[in-house]
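The structure that follows is given in the form of structure tokens.
Labels A, B, C, D and E are assigned to the chains in the order they are written; within every chain, residues are numbered from 1.
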Amino acid sequence: MSRGTGGVMQRFMKKASKKIGLSPGTLIHVGEKKTEKVRIRVMDYDEENLEEKDVDTIEECFPYLKRPTITWINIDGLHEVDVIDKIGKPLGLHSLVLEDILHTEQRPKMEDFEDYLFITSKMLSYDDRIDRVNAEQFSLVLGTNYIISFQEKEGDVFNPIRERIRIKTGRVRKVGADYLAYALMDAIIDNYFIVLEKLGEKIESLEESLITDPGPDTLNAIHHLKRELIFLRKSVWPLREVINGMERLESALILDRTSIFLRDVYDHTIQVIDIIETFRDVVSGMMDVYLSSISNRMNEVMKVLTIIATIFIPMTFIAGVYGMNFKHMPELEWHWGYPLVLLIMAILAIFMLFYFRKNRWL
Amino acid sequence: MSRGTGGVMQRFMKKASKKIGLSPGTLIHVGEKKTEKVRIRVMDYDEENLEEKDVDTIEECFPYLKRPTITWINIDGLHEVDVIDKIGKPLGLHSLVLEDILHTEQRPKMEDFEDYLFITSKMLSYDDRIDRVNAEQFSLVLGTNYIISFQEKEGDVFNPIRERIRIKTGRVRKVGADYLAYALMDAIIDNYFIVLEKLGEKIESLEESLITDPGPDTLNAIHHLKRELIFLRKSVWPLREVINGMERLESALILDRTSIFLRDVYDHTIQVIDIIETFRDVVSGMMDVYLSSISNRMNEVMKVLTIIATIFIPMTFIAGVYGMNFKHMPELEWHWGYPLVLLIMAILAIFMLFYFRKNRWL
Amino acid sequence: MSRGTGGVMQRFMKKASKKIGLSPGTLIHVGEKKTEKVRIRVMDYDEENLEEKDVDTIEECFPYLKRPTITWINIDGLHEVDVIDKIGKPLGLHSLVLEDILHTEQRPKMEDFEDYLFITSKMLSYDDRIDRVNAEQFSLVLGTNYIISFQEKEGDVFNPIRERIRIKTGRVRKVGADYLAYALMDAIIDNYFIVLEKLGEKIESLEESLITDPGPDTLNAIHHLKRELIFLRKSVWPLREVINGMERLESALILDRTSIFLRDVYDHTIQVIDIIETFRDVVSGMMDVYLSSISNRMNEVMKVLTIIATIFIPMTFIAGVYGMNFKHMPELEWHWGYPLVLLIMAILAIFMLFYFRKNRWL
Amino acid sequence: MSRGTGGVMQRFMKKASKKIGLSPGTLIHVGEKKTEKVRIRVMDYDEENLEEKDVDTIEECFPYLKRPTITWINIDGLHEVDVIDKIGKPLGLHSLVLEDILHTEQRPKMEDFEDYLFITSKMLSYDDRIDRVNAEQFSLVLGTNYIISFQEKEGDVFNPIRERIRIKTGRVRKVGADYLAYALMDAIIDNYFIVLEKLGEKIESLEESLITDPGPDTLNAIHHLKRELIFLRKSVWPLREVINGMERLESALILDRTSIFLRDVYDHTIQVIDIIETFRDVVSGMMDVYLSSISNRMNEVMKVLTIIATIFIPMTFIAGVYGMNFKHMPELEWHWGYPLVLLIMAILAIFMLFYFRKNRWL
Amino acid sequence: MSRGTGGVMQRFMKKASKKIGLSPGTLIHVGEKKTEKVRIRVMDYDEENLEEKDVDTIEECFPYLKRPTITWINIDGLHEVDVIDKIGKPLGLHSLVLEDILHTEQRPKMEDFEDYLFITSKMLSYDDRIDRVNAEQFSLVLGTNYIISFQEKEGDVFNPIRERIRIKTGRVRKVGADYLAYALMDAIIDNYFIVLEKLGEKIESLEESLITDPGPDTLNAIHHLKRELIFLRKSVWPLREVINGMERLESALILDRTSIFLRDVYDHTIQVIDIIETFRDVVSGMMDVYLSSISNRMNEVMKVLTIIATIFIPMTFIAGVYGMNFKHMPELEWHWGYPLVLLIMAILAIFMLFYFRKNRWL
């Protein structure tokens, strides 16, 4: 639990204070420190040709950018500020863009710089070990014939797109960089569904245990799930505007024929948001059920106590009466006194049981 | 319960992950696998003539599409990807449209492709066996003089419309394909009222049992109903925009005289949404009543316990006192000691009963 | 209670399913069946003359409609479909308008058909016998020099307006049909205040009993009131748009000088909505108070039990100790043993009472 | 409490029904009946001269209205319909305006009649005796060179403005009637802060008692406060639009240089609304705290009961065992039997106390 | 706690009433009284030169304002009304602006006076001693080549900006006063993150204690936190509009190249708001968890009581029966009577334990 929270706090702020007071555009990587090498992959293609390679230094990519072919530079890892700084120069990227790429706590957004578009959003994954949704920042610079994409760490989300580029007859080879940008965004949002599926399974199994055996663990799990949904919502909501903005953008960078595909991505985003909202409704309904079932359980406990007490307390009283040591207690002398008292007690008990049955307590 | 949830999860996601990473427009049927034959029904009519038949292959329909008459092709079953693929070609449907038709988890939407309109929405039905609202995807392509409608499985919702077409003097025979599209949408939304009626009955009977005998089952039923309403809401809300969009569309495909009918459908949609919202309010009010009645019941139980305990505990104490074995207890020697003690006990009990009556516990 | 719900369900749906699958404009009366005769009243007036009569058949009204004077035809009762059908012909009313008039589950709305305006809204009344708000549909067709108004059953809401028409010097005689339409809408909305007053009284008396004697009945009453407010809200909210639409309408049917009166009606509508929202807030606050007072009551009960038990259980234990039959119990032999034990018990009880007083339980 | 409610109901409706069915513009005073004389005060000034007097009849004011100087007529008391009627004539006020002035249940609003502006809003005061916010209607007619203000009863809110007018060099003497209108509105809204201060003190003292001694009285007080805030909110919210409307008005009646002052009033209105919303949040948080503290208290009570019962019930049982009268009970014969049993009981008690301590119940 | 509230009340109103009835533009310092000297710091710079000094009287600053260089006058302390008054004259500031600067309860806003912009917002800090967010008013007047900033007391938030100005090659030296205004706003909003971090830590530690040891203190802490978030929200929300307004402003005072930087600040503001909303969600979730855990605890207590009572009450009854003094009780004579009864009791106890285990109470 506290782990989950720690996460929420950390994702927002721990890093934010690092930057305070600096001049805008000062490049500082705000995010987890990492030591592995940044991986740079280039794909350069047109309808006829395809060149694909891993490069060691960012400078090796520059020649591709000058060609009329479409160039996709994918950078995995943001911890080498130098790399980001260098890529910005030849493309004339605004210093705030470079800052935003490095500052991994960005809210998803799209900005139009006329020569290029800057888009940033979240890649989500579900970490099974700690039962938590992880968010990684994904940034994208879309120019006339190039795309530069930035991820916090290496992932396999874009592999199917690479496969599609490698197929010479695929649509992606015939159209421009804007279509590739669409394909990347589409892959990211499709990936959200996997996270939602995981959460859906969580909800289902939680619901199971809510009915069979609700306890403090269930409460914690509901609370945790709620928290994850708050986080998810915060990460996905702004995307709606981003995609909508791209679709409506009056820019030469995004062609009309791509708009329809963006509309499709937009529909998916809305669907993701719909599911998140539904999940929120469902989880908050689970909280209600949990609270009611605690009350129900308390009722059960109280009933047992009340039944036992109500049957035995009067009988014990009678026993107490005939346990008194008065000299003159005629009943004590009767021959059938003892069985008579036992009989009275039994009748009393039966009467009580009958009463409880009538009131549906049994 | 868990069945119901399983449903919610399944309807959204289980299938969604199938598609991830594929090129857009790749035709895969995302939905329940079925083995029955896809049924294709054609109605081709103008004011004078009507031709109606079931065809085996989609190719048989193509000649009708070329005629100036109005052609309605109804396809029941989406599991034969081939059929969908083939119908797309002669009409020049965009690959994303074909994909959306097959991907049965679409959010209701309308898209204008100038040559044709694409509309997708949900057909709802209430499955009595598992007490659940089922949603089936309905898609519609409206061209200048044709309509192609797609359903997941065969249904009888459109039979009254077929009857109306068969009547030579009916309005539907005199006007265009846009009116037929309206009629189909109208039939679908009219059908929502049947589902709402079922839910209304559920609510009523639940309310009955909420008053007579609230228990954990009632809680589950309320929770289940809440879930169904969340689902319903999610399916119907976007329809508002769809119908509104159709009404306001500046397109040669929808004539002015049809607009007023669409406005009527729009009013019905708003009415459906109103009822759903009212139901939500009512059901969430039921939850409150349920919780209160649990508390009330607990109060009753506690009162019984308290009354019994408060009357007998002091009397038992007195009996205990005179059960002590002290040598020198003068009361024990008194001749009237025993009846006196019994009298004191009786007075105590009566006093207590009086106190409870005063405090309205009895 | 269940009666109340039955009402809610019934008002929405029972009837709706009747219509499914029919061609639009098919005239079927959707509403309560009635057998009394439909009452048709005509008032025809200009500044100089006034003719007023009850007619038997709708055809008798037609001559009035052709005159340049203002004609108000009021139809009480919608169960004779024929009457509605016939009135539609000479005025060229759209078949959907006639359908809407008969289909009494309409949402309030206004539609502009250029030649005439169609307005439908709800007349509310409070049925004291079953403690429920009843809604009756009121429709209005406003043409250049005529108004046709439709009510479900005869009522006296418009009598003051008739009186005002009879006065030759009244404003209503000098101005057009649009002013009469305003006057009718104004009368309907003024009438809402009477219903609100009734509900206000209900709330007040409920509040009284909430403080003096809250019980399950109070809960049911709150729940019922909440339901009525949901219903009321649903009936009144759309009226806001209707009146606003009339005021802003760019139509020759509504003159500028009438606009300011419509603005006044609009203000009243907003006031009604404000009061409904306030009532909702108040009633939902009552629910909170009810729940708290149940908890408070439980607390009281628990305190009594705890006080009694805590005082007597230890004393009973002591009595039990000296009721043991051990051979060697020196205290039993003491001459002052018995009074000593009684003293100890008394001290214990006093100490306990002191403790409860300190903790403010007494 | 019930008094408070009675107020809410009364303020909305009791009076509203008086008016039903009357022709619009019929002048009836809807408000508390009063018998004191209506007070009419005139201030007539320009940069050079100032004339100030109390008049007996409204006709005495008319000469001032014809002069080019600025005339402020302040009317305290609305119960003499005649006065209102007479002032309307020479200025050509619309009959609905006069009606609105008299009908003191108006929602704050502004209406532009080209020749003059009509503004109505609420003056709030806090009645300490019955702990309630009172609202009095304030109306204002702003013409080119005159202002007529109407209050329900005499008050001292405008005295500082009168003082400012009396100072010959003050800004108010140099500028037009629109500035005076601003000054009046500003005085009214400044006055709201006093009411808010009172409520703020109430909240603070309530919070104090919420922590030290929460009981049913606290609940009632919270409920009452909530109600007052609902009322306040309803009175102030519409003012936002009113002031905003005045600021944006394209009318010769309000000069540009006054706009900036109106923007200032607007800021204050927003601030008032902000505070009300904050108070609502705070009060509804108090309700939560109250409910939790009741639960906490119940927990405490239950713990005491449980501790006492759990310690003594087993010991009493043991005492009961050795109080049995079996012939053959070897322990009874033992010499150390009695002290041994006491020891066992003591150990049991200590063990229980230890257990409670461990579970943090003590 | 009450301290916290006192704060909320005080921050809004205590001071507000001071001003009532005064002419607008009357300069009164509404805020905490202070006695230290107001500190005035001037920085005057262009690309080449920088002059920086502390001045004693505001008049010393005037020469700088006349130069074409950029002049930044920072005034720490608003309690000397005189200073504010004097600075207003040479710059032609509107009297309402001066009033707003002094009236420290302003809502954040931006106003465009053509010659200059007036911006006011809140500087937040977290006071560890009393666990509270403090808000200080910050105002800014931006002219063509000057900025005058006003703070309530001296702080170090702007020191990094001063450092950046001192560096001759920095961007801030090359661009206009609008960029400096941006830098100041940026510094303020960056500072919000520090406050949020503190609150985040609070939430985390509270969550810890919510799981380990929830008690009335936890409740108070949650309540307190909620209050601080309400306050924070109120302070930050309006800033959104302010920054957005600056970005969209069509004014010569803010150059296009600065807009992109303002967009960046805007993004940060949205992020702050997002975090506040998330915190609110999280804290209100904590309240739910707290309430549930109280209920859970109560359940635990009740179970212990019930188990003990249910095991011992029947056994005590049996002991009571054989403690009766009837003459004829054959069992008492039996040689194995006593052990038999003990055995029966043990079996009963074991059976009960078994029952509890089965119902998962143990």
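Please note the rule applied: a residue touches a chain if its C-beta (ideal position, glycine included) is under 8 Å from a C-beta of that chain, and two chains touch if they have at least 3 such contacts.
Worth saying up front: this structure is predicted, and the values here are computed from it rather than measured.
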Exercise for the section: Between chain A and chain B, two touching copies, which fits better, same or different residues at the interface, with half of the numbers shared as the threshold? Expected result: different
Problem - Distance from chain E to chain C - Cα centre to Cα centre, in angstrom - result: 42
Exercise for the section: Quick one: report the Å distance separating chain C from chain D, using the average Cα coordinate of each chain. Expected result: 26
Practice task
Identify all positions of chain B at which a residue touches two or more other chains, and write them in rising order.
Solution key: 291, 295, 298, 302, 305, 309, 313, 316, 320, 323-325, 329
Practice task
If every chain is a node and every touching pair an edge, decide which shape results: line, ring, star, complete or other.
Solution key: ring
Fill in the blank from the handout: In their shared complex, chain A is touched by residues of chain E numbered 159-161, 164, 170-172, 183, 186-187, 190-191, 193-194, 196-197, 200-201, 203-204, 207-208, 211, 260-261, 263-264, 267, 270-271, 274-275, 278, 281-282, 285, 288-289, 291-293, 295-296, 298-299, 302-303, 305-306, 309-310, 313-314, 316-317, 320-321, 323-329, 359-361
Handout entry: Interfacial residue positions of chain C with respect to chain B in the complex
Key = 1-2, 5-6, 8-9, 12-14, 16-17, 19-25, 94, 96, 100, 105-107, 109, 111, 213, 216, 219-220, 223, 226-227, 230-231, 234, 287, 290-291, 294-295, 297-298, 301-302, 304-305, 308-309, 312-313, 315-316, 319-320, 322-325, 329, 331-338, 341-342
